[in-house]
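Shared between the two complexes below is subunit A, which has subunit B as its partner in the first and subunit C in the second.
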Partner chain A sequence: MRPLTEDESKLVFTKLANYIGKNLVHLIDRPDEVYCFRLHKDRVYYVPERAMRLAASVARPNLISLGTCFGKFSKSGKFKLHITALDYLAQYAKYKVWIKPNGEMPFLYGNHVVKAHLGRITEDTPEHQGVVVFSMNDTPLGFGVTARSTLDTRKLDPTAIIVFHQADVGEYLRDEETLF
Partner chain B sequence: MDVSGLLASTSKGRSTEVNKDVPLVVDTGLLAVFDPNDIEPEEYSADQEAYLLSVARDGVQALVNALFSLPVQKTADGPLAILPSIETPLPRAKPLPKPKPPTKWEQFAKARGIQKTKREKKVWDEEKQDWVDRWGRKGKNKEIEEQWITEVPANAPDDYDPVKEARDKRKSRVAKNEKQRAANQARAMGPSATAASTSTGLKDSNAWDALSKDDKKGMLRRDALRAKVSTASMGKFDKKLEGEPKLRGIKRKFDPNEGNVESEKSAALALLSKLERNPISSTASAKRPRKDAAGGEGSGENVLNVRKAVRYATKGKGATAFASRDRGRGGKAGRGKGKR
Partner chain C sequence: MGRRAKNKQGPPQPFVGLRDATAKHSGNATVQKTGKASAAKRKLGALDDTESITKGRAKKFKHEQPQKKNQSGSGITHENENEDSSDSESEHNALDKEFKATPLHSSKKDLFEAESSEGSSSHSEDLTDQFGHKVQTLDLSDSEDQASHDDDIQNETLSESSGSEDDIVTARNMEKRSGALDRQARREQEEDFEETMQSMQKDQEGSEMMDVDVDIEGFRLPTAAEREEESRNGGTDLATIQRRIRGCTRVLNRFSKLAEPGRSRSEYVSQIIADIAYNYGYNEFLTERLFQLFNVNEAIEFFEANETPRPVTIRANTLRTRRRDLAQALVNRGVNLEPIGKWSKEGLQVFESSVPIGATPEYLAGHYMLQAASSFLPVIALDPKPNERILDMASAPGGKTTYISAMMQNTGVVFANDATKARTKSLSANVHRLGCKNVIVCNYDGREFPKVLGGFDRVLLDAPCSGTGVISKDPSVKINKSERDFTLLSHLQKQLILCAIDSVDPKKASVVVYSTCSVMPEENEAVVAYALRKRSHVKIVPSGLEFGKEGLSNFRGKHFGDSLKLARRFYPHVHNMDGFFVAKLLVERRQKMETATEGSHPTELAGFIDDEHGELLDASRGALTFDAEEDARYMEAERRKRLKAKGYRVRPQKSVDTVV
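Let's look at the complex of A and B:
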């Protein structure tokens, strides 16, 4: 367990900023408690300082997880967000997509969001923007990246992909052993 | 036994004396005889072999005469004549050495007409009333640093060491001379001296020679190490020599885990503001479409993705397809837009 280096922080922050934009400040500068990012076995954890100090007394091979896992660094050095970060992403998301009840299950099985399943979308969403996917009753289901901007979606046929799937809560079951 | 008849038969007509118009040149050291006399044309054309044989015989006779006049040394194998050193000049085996290219000082002296004066190794010492070495042990150049008392300037600092001062001055003169010598050598070597320096990425030999010995050593060592691991397995499965040191890279160093979290937070915020100011350059992996999208966002109503529009319009051929298509269709009309 160690703090992120500057390059690593840069990667993590740019990836998070893709979803929550300037709200990222609220993750770092919290009024309630001091939180920090920690790297442990290629995974980035968002931990309260108090928990981090407790976890420091656990031997490295024995420490399975701490705080909230935000994602992991791939072997090629890219940062990949995990579904476990959804709580914070949903809280601060800048652009949101709501999908209809009939589209929920296909999305939770790992499929992209097609236009037919699209319930609502934030106005002025640009292309290739990170968005958080909600069900119609505002339950966060996952996140992805828009394939088209909001304006472009108007003209598309119902089977066209609107949001590329990146992570969904179905992964809690599918990737249980590698997720945290 | 009467051998007078035999002697008379063998020595008839021919004596051991060799008489020639021009005396033969005998080089006993080389065991060679040179006959500078002209060839008799009649005798030569009459019987070539016989004439050459007689000339050769005279030459050998002269050589044998010369050999027998040499001082003799008695050995177990019999008497041995002691050959003198050779007299005939032989051509040299190697070409003459090239003249040394002049040093910078020599060039300057030539241009100014400065004559070289030999500097004597000994100089006169007034105090000792004796000749002392100019340099070396107890040399004149070490006079100041070896004297038992030294005048210290009035404005000298507290830790002023006159001996060290003088010694440093002298050492710096030596270093300067060494540097100039290296530069002269490098200039003399010319562009052929780059063989060693190319491997280290140095453009000219001057730069290579200007390096200190330690720097050169380090560079060559690094080159050797790099060459060593430049194999298919990156040196992993190569034969190791006994006692070969293990290669060590740079050790990564990270911030302490339980350091000051507040300072960590402020560093993160600083990084964040830096990213906001300059989002594209700060993220190497930032995708180009994001840039387009950001531009569209900023301008408000312009959400058309130009890159994508071009791709659709040309069926994926790109913007250059516009120009070529226009040229093919309209001739001169499209030329203004086309590649130049």
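Let's look at the complex of A and C:
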């Protein structure tokens, strides 16, 4: 467990900024408690400083996770956000997509969001923008990247993809072995 | 909400429900009758009246229930029974005195006399055991008689009350009418009570009679030779064995009367244990252990309950949703559920579901956790508060850990430990799915714990156990447990509980909760008693669970101490949840060393010199002398060790001075 290096934090923050934009500062300047990012076994954890200090007494091979896992660095040095970061992404998301009840299960099985399943979408969402996917009753289900801007979606046919799937809560079941 | 209400079924207590239903039913009957007898104008008022009456009756039923249970539980003796009926008779007479309808009164009395005499006669026959059929048929005809009789009485009262005043309700006769209705209701209620009493009694007798009919006449305990013969032939058919179990149960319940002459109780016990083992597929060792825990009837119930699965329960995750919203969302998906009970604000019991309950979008979004009802209990006993430091020593797959985290509202720190690395994956997945941000997951053997980190405010130890409480979930326990497993497990549990106690903050009073999903005393009470013995600053406190059976204070010659009654046991056949044990220990603040210096050590030493080796020591004294200075060092070290073991806090710097 160690703090992130300059390069690593840059990678993490640019990735996060893709979803939550300027709200990123709320993750770092919190009114309640001091939080910090820590790297442990290639994974980035976001954890209160008090808990982090306690976790420091756990030996490296024995520490499995602490606080919230945001994602991991791949072998090639890229940062990949995990579904476990959804809580914070959903809280601070700038652009959101809501899907209809009949689209919930297809999305949770790892499919892209098609136009027929689109319930609502934040206005003026640009193309290739990170968005958080919600169900119609405001439960966060996952996140992805828009394929088209809001304006362009109007004239698409119902089977066209609106949001490319990146992560969904179904991964808790599907990828339990690899995710943690 | 409407849909939910429609889907809702009666609570899973068939007995009470049945009785309520009968009460309601008879209430309806009264409504109909009064409706027929009275004019249309009166109908409305009467309806209201009867409604209130039925309510009142239901209330009274609830009131009377414990009394009944007591009687049925303690095995009704004949004198008791007669007394009771005569009691209610006199009560009844007193009631009726104000109501001077003489013909009714006399008929009533007749009825009761008939009843009581019938009761006594049936009992006297019960003693002889052979006229089973006769008694049953007699009872049946009698109850029919009684029913017709009842009708007569009702008609009489109705005709009387309505006939006298020409069916018109006036202000003058209103009170009288309602009074009459009240009295009638009261009477019916008492009759109902009598009836249920009788039917219960009949049921009991009936079941015994059944045994008599089917089993006892043909039941004879096989001799040792016959048993050997049977085992050589590879056992008999299940029907025979089940019949033999019933026969043995009956004999063991009333051994002095029913046993064959010359056969000992242990022969019957060994036979029934062998039969249970064969019938339910246990190994004989485990059967015997479990059988010893209960009396015969309860043991059979226990084995029977292990064959049926426990209800599926879920816990609403208060970090993400509320129970009401969750229930609504799940009902919309076609799940039929109900709150688990008064003791939990988060639990829901699932009756049936058209979708897989472990893969709904709500589940994936972390709105609830699939969790057995029994695993709520240790966390409720632990009672975590916000901003504390809590350790869950054996936590996978995280049901209890996430519950703790939810109770702390994501503040403070929870250490979730598990010894198996593979299981920490699912633990970590559940922690993240339910949005618990204050959890640190680690993978240690629990016994390493005060060394890794101490100073916890509360420690939950849900110890690894034999799983004899969850046989319905994991039937492999039936055959794969042996004496050695129990010894090893209880040894491990004793080590773990001491580690748990040592991991708490020594500067203040803290809580340790010990729980297992086993029903064996050597994994539960014995372990807690061991901890109490080893750590003098620990005591057991009430767990804050208002139901469950008391822990055992002694078991088969082992005494665990009366304080163990504060622990709680849960059984599948009693509480319809997994067999479980919960004990809440309060670890007091450790005392300062000064208060603990005792003078016992010098006297012990003196005793050693004075004993039979004294001479020898004296003889060699010339060569062997005592170096007081050196001795003092060893004595001091020894004393510190002893105090530490007793749980006192010993200053470290002093030891450095003296020992080095």
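We adopt the following convention: the second predicted complex is superposed on the first by the 179 of 180 C-alpha atoms of A that agree within 3 Å, B and C clash if a C-alpha of one lies under 4 Å from a C-alpha of the other, contacts with A are read in each partner's own complex, and residues count from 1 in each chain.
The working rule: contacts are C-beta pairs under 8 Å (C-beta built on N, C-alpha and C of every residue); 3 or more make two chains touch, one makes a residue touch a chain.
Keep in mind the model is a prediction, meaning the values are calculated, not measured.
After superposition onto subunit A, partners subunit B and subunit C are found to sit side by side with no clash.
Using the contact criterion defined above for the overlaid structures, shared-chain residue A:Pro126 touches subunit B, although it does not reach subunit C.
Contacts of A:Thr84 after superposition: subunit C is touched, whereas subunit B is not reached. By the touch criterion stated above, A:Glu49 is placed in contact with subunit B alone, subunit C being left untouched. With the two structures brought together on chain A, the opening angle seen from the C-alpha centre of subunit A toward subunit B and subunit C is 130°, to the nearest 10. In the overlay built on the shared chain, the residue A:Lys41 is in contact with neither subunit B nor subunit C.
Shared-chain residue A:Lys22: touches subunit B; no touch with subunit C. When the two complexes are overlaid on their common chain A, residue A:Ser9 makes contact with subunit B while staying clear of subunit C.
Of the two partner chains placed by superposition, only subunit C is touched by A:Glu104; subunit B is not. For the pair subunit B and subunit C, the minimum alpha-carbon spacing after aligning on chain A is 16 Å.
On subunit A, the patch touched by subunit B and the patch touched by subunit C do not overlap at any residue.
The touching residues of subunit A, when paired with subunit B in their complex, are 1-3, 5-6, 9-11, 13-14, 17, 22, 24-25, 28-29, 34, 36-38, 49, 52-53, 56, 78, 124, 126-129, 149-152. Per the touch definition, subunit B reaches subunit A in the complex via residues 254-259, 261-262, 264-265, 267-269, 271-272, 275-276, 279, 282-283, 285-287, 289-290, 292-294, 296-297, 303, 305, 308.
Across the interface of their complex, subunit C is touched by residues 47-48, 50-51, 54-55, 57-59, 61-69, 84, 87, 104-105, 108, 135, 137, 139-141, 169-170, 172-173, 176-177, 179-180 of subunit A.
Contact residues on subunit C toward subunit A in their complex (touch as defined above): 329, 359, 361-362, 364-367, 389, 413, 415, 424-429, 431-433, 435, 437-444, 452-453.
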